[in-house]
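What follows is a structure written as structure tokens; I'll ask about it next.
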């Protein structure tokens, strides 16, 4: 990322300890790291699972989960046999996922590096946050891009209310659009509010229940991967 | 045994108390497929009785000859298993630490030396720390790289219905000259934090079984926790950073402590047998 | 001497992973051994004089420049429970990452290279304190404060304990913390003459048993 290179130019001999470093110790380009955050129940784990299913034949993927209370998210991914166990690592967060993804990223960085080291040639690492509040965002020291996932059932006023996740995430996903008629949410109003809050930043509407429902997110990830591998190594 | 003047008694006391200084020694050696005891020297409160051998193992029972340890006593047992020997030591009765004529502390040290391909099984009855007693116990254990050890130590803090005495122990185990385990414990009046929910809580009995077995290098025991809710007792079996495992248990009293230690030991035997199969 | 660096190092927000650990408070809360401010204080006092004393002496010895690898082995021999050794190394690795970014030094680099999976946290803490220009006593304080502040913070979350009460517990422990810090530092000073065997090795059966039990719990808020 550009931030990393700015730093590298200013401090050419200084070892960097977090995401801005874009190279592995052996000089090859490290995996792209994408964070997925959002409120409880919005479909983060389901999105991670769907992304893994869609992309696993194209790229080498691993997942880091940040569970709140259990290893359930990691166990879900294991149970669904979406990825082999050695590609999933669970980070414990002491009841505060936002601390582990933003304020003290040391455990997540360790998990990411352990995966790179043990798997070898990873292209993509998805870092999933446990469900948290609307202000929870990923540190730039941990991920290169972040996706914020909300759903129509959580209230159609969430985009209007804004907050760092909604306004600054590289991609905002509004999930469960199939439920909108049942919960009385106005998807068009959500799209309008999101545009107002986010300017040119993209918004994707998904219904993971549908065949290929994750496609808009997967396409966006493919673009990020293309940019990443085209970037200066 | 030599009478010895105890360290200066605290101000306000002029008992001129006399403590006992004694060192008992036992040495086991392998001879013609069995273990013999070329040294078996009781001293002071320690008398040794030979028990019938079992297989290649020589068995010795420590029998108390007098009430000990009392404040001011300096007691020591040294047991050595020479190369290939197998020595089993028990005791006839619990060791009762008493206050004695002075509040000065007593010492009761145990030094075990186990040579290559030798084994010591040290399985005495518990130490009871009676009200007003003050004991310091040092265990120093030196093992050769292929030596084996089973060591059980149990502490009961106070006799039935009385407050505990003060007891401080340090256990240092070396294997091939390197420290394998170093552990201190201090319980009873004056020991900071001993009865808090981080250390013993309301439990008044604690004990350990240390297992050192070269085979554990290849197949270490798996950690295990035992909680006996009806007995209000709990134990953990954990592999050390080396070919050894330690069982640590706490219970309300010595009876329930022994019960959970036995249960934990049985699990360890199961798992290590499985590992060897 | 950069005394203010101690505030940075001992700050609960220092990004070295401590927030995900309860220092044994979560299993103690689970069975009712910690249920209010009073029992939290008792718990912290017990931890201060056992695990805290050992950690503080290791940290002070490392801060004095004694061989961190010998101290790391000494920490292993003083930590019989496998789950606690794992936790100490994990936190040591996280502390190493934070320390190398904040106070880079050749000594930290050397220890990181020798223990890539992490040295025991108090040892890394001591070397970090040294790199920050702090004294052995400062390192002992940082280790001890963490010993009691971790459980106090966790108990606020676990029991919804009044945060003012929890902080008052820490304040009441200050005189004892001072004494233990002095003892730990004095003992660490003897390492030069007598070697690492002189360091304290105080044990706590309940901390040991519940740490291993907690490590296998399927549902928990804190890693330890």
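Read from first to last, the chains carry the letters A, B and C; within each, the first residue is number 1.
Here, contacts are C-beta pairs under 8 Å (C-beta built on N, C-alpha and C of every residue); 3 or more make two chains touch, one makes a residue touch a chain.
Everything quoted here is computed from the prediction, not taken from an experiment.
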Chain whose average C-alpha position is farthest from chain C's own: A
Of B-C and A-C, pair with higher C-beta contact tally: B-C
Centroid spacing, where centroids are CA-atom means, of chain A and chain B in whole angstrom: 55
Centre distance in Å when chain A and chain C are each reduced to the mean of their C-alpha atoms: 33
For chain B paired with chain C, centre-to-centre distance based on mean C-alpha positions, whole Å: 29
Chain C residues within the chain B interface of the complex: 24, 28, 33-34, 39, 42-51, 73-74, 76-83, 85, 176, 197, 200-209, 212-213, 215-216
Parts of chain C lying in touch with chain A, wherever the complex brings them together: 13-22, 90, 93-94, 97-98, 100-101, 104, 154, 157, 218-223
Complex contacts: residues of chain A adjacent to chain C: 14-15, 17-18, 68-71, 91-96, 99-100, 103-107, 109-110
Chain B residues within the chain C interface of the complex: 170, 172, 178-186, 192-194, 196-201, 203, 206, 223-225, 227, 234-236, 238-241, 246, 248-250
